[in-house]
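Across the two complexes that follow, chain A remains constant while its partner is chain B and subsequently chain C.
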Partner chain A sequence: MVDPTILSQAMKTTPTLLADWNIIMPMLIPLVFAAGSLMLRGKDKWQMPMAIVAVLLSLFGAANLFLDILYLGPQSLTLSGWLAPYGISFTADALSALFVLVASLVTLLILMYSPADVDKAAIKSGYYTLVLMLLVGVNGSFLTGDIFNLYVWFEVMLISSFGLLILGGEKIQLDGAVKYAFLNLLGTTFFLIATGLLYGITGTLNFAHLFTQVANSEAEGTLAILSLMFLFAFAIKAAAFPMYFWLPAAYHTPRVAVSAIFAGLLTKVGVYALIRIFTVVFPEGNGAAFEIFGILGGLTVIVGGIGAIAQTELRRMLAYLLMSGVGILMIGISIHTDLALAATVQYAVHSMLVMTGLYLLSGVIGRMAGSFEIAKIGGIVMQNHYVAIAFFGLALAVSGLPPFSGLWPKYMMVQAAFMNDNYWLIAAILIGSFLTIAAVGRASIQMIWRGGDVDTPDGQYEARGQRLGAKQLRVMMLPIAIIFMLSFALGIMPESLIRQANLAAYDILNIAPYVKSTLGG
Partner chain B sequence: MEFYLAILVGLIFAASTYMLLSRSVIRLVLGVALLGNAVNLLIFTVGRVTRHIPPIIPLDLQGELTGIANPLPQALILTAIVIGFAIFSFILVLAYRAYESLGTDNSDEMRVAEPKKTELTKLTY
Partner chain C sequence: MNTVIFRTIAPALTALMVLFSLFVLLRGHNEPGGGFIGGLIAASAMALYGISSGVQAVRRALYFHPITMAGFGVLLAAASGIPSYINQVPFLSGIWWKLPLGNGQYFDLSTPMIFDIGVWFVVVGAITAIMLTLEEAD
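Moving on to the complex of A and B:
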């Protein structure tokens, strides 16, 4: 027999505490329910309540985990009886917990919107199952403590997003999906290549173990190249300049609820992976020095703003605004001080909520006007005040104007750039914000205030779209109203989120507790 | 051995890059398949190739065993093969459906999701 003392160095000898399973609950619950909803395929009435229950439970699990981490610091669980780094670890710090919480919330809001937007055929093809699997992939990516496991979650996310993108199988969706599929696949494959080579150098895949192994490694040149490959792979995922082309090509093709969930979750996972890899594996940035992040981020902000102004389709304009937001997050990673990272976390939360809200709202406006072409939308303010107010509020939020949540993270980001003497990044943020204001300002003048189509005199507009029934409008407006209130609340009481963001930034910059929770000791 | 495998991996990467640069969607699909195989072979190679000792620990072992083959890359490759196969079948069907309904397999002509070239809209403000 093998000596038990040797065995206890590699394997758990005591059973795992039930409380330790908290960490994987936000991922496990939707996974179980997704399997259940697959088994109940064909029973369409069951799908929606099941999905709601699953996401509510995982929201509860996420809140529980978040409170745990708030009081106890980073948590870790290594599965199947092995000890880290031999088993597959899940490690969560304040950053992961906050992102998981917001991701579950966003998914819940989208499920609330779905009955008004998703038809029977899509439910039959497994809309709710795919949404749950997407949440599994997203939450799994946020929680995992193992780089290969991160790749697996990326693929889970990718394949569910493929499914959601082509539900309906229209021409435009197939066209968008071809571009989305190939470019994203290239991104994840590059991630896998870099992971394989990193394993070849360090002999480990566990984040916490990588932290020590990379620091002790002498293969500096190879590691520098690898860091650039990771940057390339995740920049595709996050839709940063110049790897963003798949995003505006695809995000306006699926049904609105799907666009909204993509906008809320997918690019943020890319950003999360960038933060995680470039603090745990490459804390000094190595070859992909943080200057490169700054250049990419600054250009993304500006190109996103210019692109938004140039678009004539509402959802394509939102896609560029989303991209512009990713640029701000990249700038935050580039500056890499605690203030900048707190601003990054805060902006990510803000962007997840507000971009989801704007996409959901674009669905309401598109239905009212019967088109997503800005030139063909008009007179929204005369048809429904609330829709107009919601668009106006979210437009202020996305361009970073008070009294909404976009102001504070941008303010903190500019302050952080000032303290680091990064003046051109300040210029990029401010120019990007100005371009965003111009884009959403143009959109609201044309869609909200203008009487009707281009050339119709005021007051003579006949809406082509459907008159939305009061009940349908309520279903659609409720999640938007929640996002509106949240964004407003975070705008006038920013300190509640700033405190969490500071905590997350502290966890990002001080890796010792993260490493300790995984490896023990 | 690793040297020759590295060259082979490089050659497959080159071939798949060439395929991925093509306009024809079916070549893109083949390029992705090649790329997946190149990555698998790459992971296999970076795990160090040894021939003689299989990764099975004898029952009576005390202390460390050296020179043993590395089982982890094979587990990774197995995962990557499964995922790669699923994705490959998806994009194969996607490419076929796109060809069917768009009537072209030339990615330059797939512009349904892109904005059409129109006259500039009149400014109303």
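Moving on to the complex of A and C:
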């Protein structure tokens, strides 16, 4: 028998309350249901209800966790009874909890849209299972307190996204998937190498333990190089400036619901990993990392805006707008004050919702017009007012105009840059916003107001048959309407989200409670 | 591969390999072995049977679809964390039950073993599914 005093140094001896399990629920529930839906493959009718139940339950779990953290501060659960850093920790602060909540919500909205977009063949190939596994990976990434497990959750997420990307098996999908897979695998490999080197230097993989170990480490030069390797790895995931090519190449190829879930979740996980690593592991940026963040972020915003103007395909244009948003998030990490980080968190939430909404809407417009080429789309306003209004509203939101949710985080970001004398970042944000307005404005004029194809003269309306049934349109518009309302509500009542974002920013900059929740003491 | 000797021996060899894979699975807790390596041995057994008797024979012999087996494995592995819920310990903690066999002997049952059996199912299911699909494409 082992001496109990020795045992208590390595193992948790106090009872674990059921409330402590809240932290793994947003990951565990979809995992169990994904396994269940894998077992019930072939029973096509069961797949959709199961997925809805799973995501509703994990949304409930996420809300539960969110409230826990709101009242109690960062929470941690180290699995299998070992104490951190020996066991594998799940640690969540306000940032993780907020992201998990929004990710579950976005997945729910996409599942509501899916029946209109996903055919039988895709369900047979496991569409709903893959969506659930994607949510497992995303929520796992947000909640894990261990850098190697962050890698594992990234892999879970990537493998599910590969599956979703090639559902249908068309030539253009395989082409996009190859680029997507290659660049993402490159990023993952760098991530893994850097993690190995970090373990070699510090002897730990636990985030909270890394925080104390890196502060005591004398290998400053190596750590500075490692920070750049992490930056490179996650800049690929987040689709930042020089490594963004995979995103516009891949995101317009799968079905719309898949594009939407990618746009809502995947790049944000890259940004989350950047925030987490550059606050817990490299709190001072170690070397020039924060300056590089600023440069890459500014260039990403501008290149994204220019790319959006240059595109003639609706979903490719949205891909560039998504990328432009990632640039703003990177600028926030670069400025690194509490105001800037609050703006970053707020913008991330806004971008998750609005980009999902725009992609879903692009599916509606594409179905109404029979094409995703902007030149071939026309007369949307005559076919259906609501679709036109929704596009107008979400276009305002994505370009950061009132009364929608994009305004406040951009305003806060400019203010934060101003207080830090980062004038060229302000210029980048404003130019990027201007380019975004130009891109969505042009798309709106051409698709919504023009009567028909690109050659239709002004004032004429080229009547086309309804391609989309009324019932199907209702199914597709419901999640978009919810996103529209949310974005509007966050635009006119921003305090609610700003308060959560401030809390998240506080948790990001004050690591002590995070470390204490994991390591105890 | 269509020789009489191979076709006669393969089914017996398959049965032997599956038995050995279960042995490796169960000794895995304290000695080399476990769910992953055991699963690979069982999947090799399926491969052998598939080469000798054809894909359809393997599917009939498995009865369940291999992907279903993989899903069941994930479910089982996740379920092995549930007893922790009742015992008020963190998820996936090892919990042991001692079944008395008489004469002061005990048979140890544990949640890590259930987890390992889950891993075994995942590996057998996933590898067999990949292999059968590749075989069928020919």
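Assume the second predicted complex is superposed on the first by the 507 of 521 C-alpha atoms of A that agree within 3 Å, B and C clash if a C-alpha of one lies under 4 Å from a C-alpha of the other, contacts with A are read in each partner's own complex, and residues count from 1 in each chain.
Heads up, the rule we're going with is that a contact is a pair of C-beta atoms (placed from the backbone, for glycine too) under 8 Å apart; a residue touches a chain by one contact, two chains touch by 3 or more.
This is a predicted model, so every value here is computed, not measured.
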| item | value |
| --- | --- |
| Fit or clash - chain C, chain B, common chain A | fit |
| First, second, both or neither for A:Thr312, with chain B first and chain C second | first |
| Vertex chain A; arms to chain B and chain C (CA centroids, nearest 10 degrees) | 50 |
| Contacts of A:Leu79 with chain B and chain C, given as first, second, both or neither | second |
| First, second, both or neither for A:Tyr199, with chain B first and chain C second | first |
| Chain A residues touched by each partner, larger count belonging to chain B or chain C | B |
| Smallest separation in angstrom, by C-alpha atoms, between chain B and chain C in the superposition | 9 |
| Shared contact residues on chain A - chain B and chain C | none |
| For the chain C and chain A complex, residues of the former touching the latter | 65, 67-68, 70-75, 78, 81, 84-85, 88-94 |
| Partner chain B, residues of chain A touching it in the complex | 1-3, 6, 148, 152, 155, 158-159, 162, 166, 169, 171-172, 174-179, 181-182, 185-186, 189, 192-193, 196-197, 199-200, 249-250, 252-253, 311-313, 316, 375, 442, 445-446, 450, 454-455 |
| For the chain B and chain A complex, residues of the former touching the latter | 20, 25, 28, 32, 35-36, 39, 42-43, 45-47, 57, 59, 61-62, 72-73, 76, 79-80, 83, 86-87, 90-91, 94-95, 97-98, 101-102, 107, 110-115, 118, 121-122, 124-125 |
| Touching residues on chain A, where the partner in the complex is chain C | 12, 15-18, 20-21, 24, 28, 31-32, 34-39, 41-42, 77-81, 87 |
